[in-house]
Every structure is written in C-alpha cells, then in structure tokens.
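The block underneath contains the structure these notes are about, expressed in structure tokens.
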Amino acid sequence: MSYARQMLDTYPRTLNVDAGLLAAAIDALSDCAQACNADNAADLGEHNVTEMVTCIRLCLDCADICTATAGVTSRQTEYHADVNRPLLEACVAICRSCGDECERHARMHEHCRVCAEACRRCEQACGELLAVVK
Amino acid sequence: MSYARQMLDTYPRTLNVDAGLLAAAIDALSDCAQACNADNAADLGEHNVTEMVTCIRLCLDCADICTATAGVTSRQTEYHADVNRPLLEACVAICRSCGDECERHARMHEHCRVCAEACRRCEQACGELLAVVK
Amino acid sequence: MSYARQMLDTYPRTLNVDAGLLAAAIDALSDCAQACNADNAADLGEHNVTEMVTCIRLCLDCADICTATAGVTSRQTEYHADVNRPLLEACVAICRSCGDECERHARMHEHCRVCAEACRRCEQACGELLAVVK
Amino acid sequence: MSYARQMLDTYPRTLNVDAGLLAAAIDALSDCAQACNADNAADLGEHNVTEMVTCIRLCLDCADICTATAGVTSRQTEYHADVNRPLLEACVAICRSCGDECERHARMHEHCRVCAEACRRCEQACGELLAVVK
C-alpha cells in the first residue's frame, strides 16, 4: 500500500471523496512528477536534443504542476472548489500535452515511452477525481 | 529592474503579451511564494498556533501553486491556453483566499499583514495577465 | 519496477554507480518527500497541534531537501562531488532528525509512524549512495 | 525593503545571526532560483541548444537547491548545523559551477550574463551566512 493511502487512512478529511480515488491521484501525481524530471534529464543527454526541446519544456511544466497539485491534494482537509478544480484541470491538460509529445518520441526513446505512460495514468487519475468533486 | 524583466527582454517569446505585464506577474508570483513560506514559518512560532492552522495550510497551498505558476510562466515561449488559463485561475483563487485569511490576522501578527500584501499584489498581477491572454 | 529504475536503464550515465542503488535512492527520496508533505498536513489537523510544531517544521524541511535531492540525483549524468556530497549529507541529516521526531509521535499518531518509516528508508538509501560515491 | 527582511523583523528566531545577513541570503536564493528557471527556459530557445545542455542542467540543479535552501533558511527558528551547513555548502558549490558555466556564454547570450550575476550574488550571500553560523 502506498504512503498516500496509508496517510489518508489515518486522519479525518472533510473532502468527501473515496480514499482510494484520492490516494490513486496523489500517487499518480507524485510518480508523474518524478518521471517528467527523469525524462527531461534523459532528453538532455540525447544526440538529437534540438528535436527534444518541446518535450523538455513540457516535462518541466508537467513536473511543476504535478508537484503543486500533489501538495495541495495531500494537504486538503477543506475543499476549495475555486482552487482545486482549475488546478486539476491544468494538471489534466498538461499531462495530456506532455503525454502526447512523449508518445511521439516513444519508439526512438524508451524513456519517453515510460514518461508517456506516467502522464496518461496521471491524466486519468486527476480526471476521475475531477469528475467526483464539485 | 528585476531578473524576470531582464530575462524577458533577452529572448524571443511567442506569447504576445507586454513584457512588463509578464515580468510583473513572474516577480509577484516569486515574491508571494517567498512571503507565504516565511509566513507559515512565522505562524508556527506563534503562541496561538491552533488559531493559525487555516492560515498555515493556505500559505502552503499558495506557495506551491505560485511556485508552479512562476515556473510555467517563466518557461513559456509557446502558450497553451488549456494549461495556462486554469493555472492562472487557480493562482488568483488561492491568492485571494490566502490574502483574506492573512488579513484576518494582520492586526495581531505583522508577518500576516506583509503576507496579505504579497498575496493581493500577486492576485492582481495574475488577474491582469489572465485578462489579456486568450 | 519503479519509474526511476526504468528511466535509469534507458540512458547512459557517467555516474559510475549501480543503477539499483541509484534508483532505490531516487524512489526513497520521492516517497519521503510525499510522506513528509502528507504528515505535516495530518499534523495540522490534530487537536494537540501545539505539540506537533517541531514535527511540522522538520517535515517541511525534509520535504524541501528530499525534493531537491531527488531532482539533482535524477538529473545527474555528470557527477559533481562538491555539490552531490554535501547535498546527500544534508539529506541524511534531515531524514534522521525528522525520523526521530516522527517516531516520538508514532504511538499517538499513525501518520507519524508511517512518515518515520519513510524517513528511515530514505536516510538508509542516501547513506548507501554516499558510501559509494567519492 | 524585501519581504524576507520584513518577515524576519516580525518574529523571534533562535538563529543568532544578523537579520540583514539572513534576509540577504534568502533574497539572493529566491532571486537565483528565479533567474536559473528563466535562464534554462531561454537556453532551450537558442539555436545552439546542443552547446547549452550543460548550462541547462546546471541551472535546473541550481534552481532546485536554491529553492530548498530558501525554504529551510526561511523556516529556521531552530538551527541544525548538521543540516544547514552541508545544505549551504551544496548551495555555494552549485552557484559557483552554474555561475562559471553561465559566464562562459555571457557574451553570446545576455540571459546567461544576467543569470551568472544572480549565481555570484547567491554564492556570496550563502558563503557569508556559512561563515557566521557554526
């Protein structure tokens, strides 16, 4: 069981959302941030770095947004729709863009294939959370 | 002149926004993140820490979101409305909530008065950026 | 297999360290940052928050340092001992302090027990990495 | 007066260091993180991006370490030499490396000249703090 789930099981939350769904989102956000950091590092080591510039930028944006969303989502005991909704929307959007770009390089670079997978899973998990919160 | 403005003046951007407006937002985001980090540290040192819990949480959320938005906004040479708009919206919303909460403690705690000021300036600067980007 | 390990297997590194050891450190750093973020959030929700102030502060410091170390460690294709050694040392030290403090609250608060475990594992993994790098 | 200095003036600290020195370090760390984020973004937009790879990587490391050090330094009311000393040492080392690399590109790229300046100022401010803390 992930730390996120273990943590959520130990303290009361006012966010009326299934703990499994919430923990899945926090884990996916944390994994996606890590994958994006590793992928942009790997991109910077490729011979065709000029072709990887868009991928590097999107990975940096995606890591930044996922890190912030993981923090805010872990912290929430009160739910502020006007903050959480657009933040999750920004997260879904950057995971989609970054996942699409990584997928374009997936056959050439295995690290981009792995990163695309992390982005897809995060897009999915944040989308599911967005669907149940008001 | 701030580093943000000096930087923006040295490289081409596709984001068709006045450099002064963009630099003001990046500076305000960076200052607000710093003020929120310092304020939650100061809150933790107060005798009435129990009454400061909401303020601490909002400062942590605000620092996380402002840091991510500063990164994404600094990095942008391409503008993705589906990412940037909701991210700026989340930022405006958390700066407003955090600024309101800090203001409630402003007479008691000078550090909250300073943080409220940083939040208001950031809310304003991000709001102005949001108004001109599509 | 973790993303960190999959990533390390896909690109050349100049850091002449066993990939398993490096991936274990990156995973432990990322997990520890996540656990510390969740634990300080949980601490802030406890009735005896005044007694949790040191724990909250150490968790915030630990999350900050682990996040930076995870980034630098993921990114390294060149190894700079004058940066990496003290950074890993700072990380081992904060994980020890934070783990000790969390352990003091472990019987009262399950979330602190979980966080202490994450800190111990990270202290161990970074210590092992420190032992093999020059 | 910067937010860091205003904040430090409003709450008691156990770190027995001149507030001006501490505030100068926090401001320099925050500015350096911002400059490094902006500089790697600018590097990614240059035609000779292949020659900028080392600069991009060092800027990313420098931003990560400065951000963590700014957080820990802002937060401190208790001073832990075993954490703060190596963290400041890592910061001085990465600011020196990143400043050196940026300086190599300063005549070609104005954004690297600005970033080198921010790195030098941060190296200096953290070095001065390191000299007075035990």
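When the chains are written out, they are named A, B, C and D in that same order, and each has its own residue count from 1.
In this text, a residue touches a chain if its C-beta (ideal position, glycine included) is under 8 Å from a C-beta of that chain, and two chains touch if they have at least 3 such contacts.
Everything numeric in this text was worked out from a predicted model, so none of it was measured.
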Least hop count linking chain B to chain D through chains in contact: 1
Other chains in touch with both chain A and chain B: C, D
B-C or C-D - the one linked by more C-beta pairs in contact: C-D
Computed distance of Cα centres, chain C from chain B, in Å: 27
For chain C paired with chain D, centre-to-centre distance based on mean C-alpha positions, whole Å: 21
Where chain B touches two or more other chains at once, by residue number: 41, 44-45, 57, 60, 67, 71, 75, 77
Touching residues on chain A, where the partner in the complex is chain C: 3-4, 6-12, 26, 30-31, 33-35, 37-39, 41-42, 44-46, 67, 70-71, 74-77, 109-111, 114-115, 118
Complex contact set, residues of chain D against chain A: 40-41, 44-45, 49-50, 53, 56-57, 60
Chain A contact footprint on chain B (complex, rising order): 54, 57, 60-61, 64-65, 67-68, 71-72, 75, 77-78, 80, 82-87, 89-90, 93-94, 97
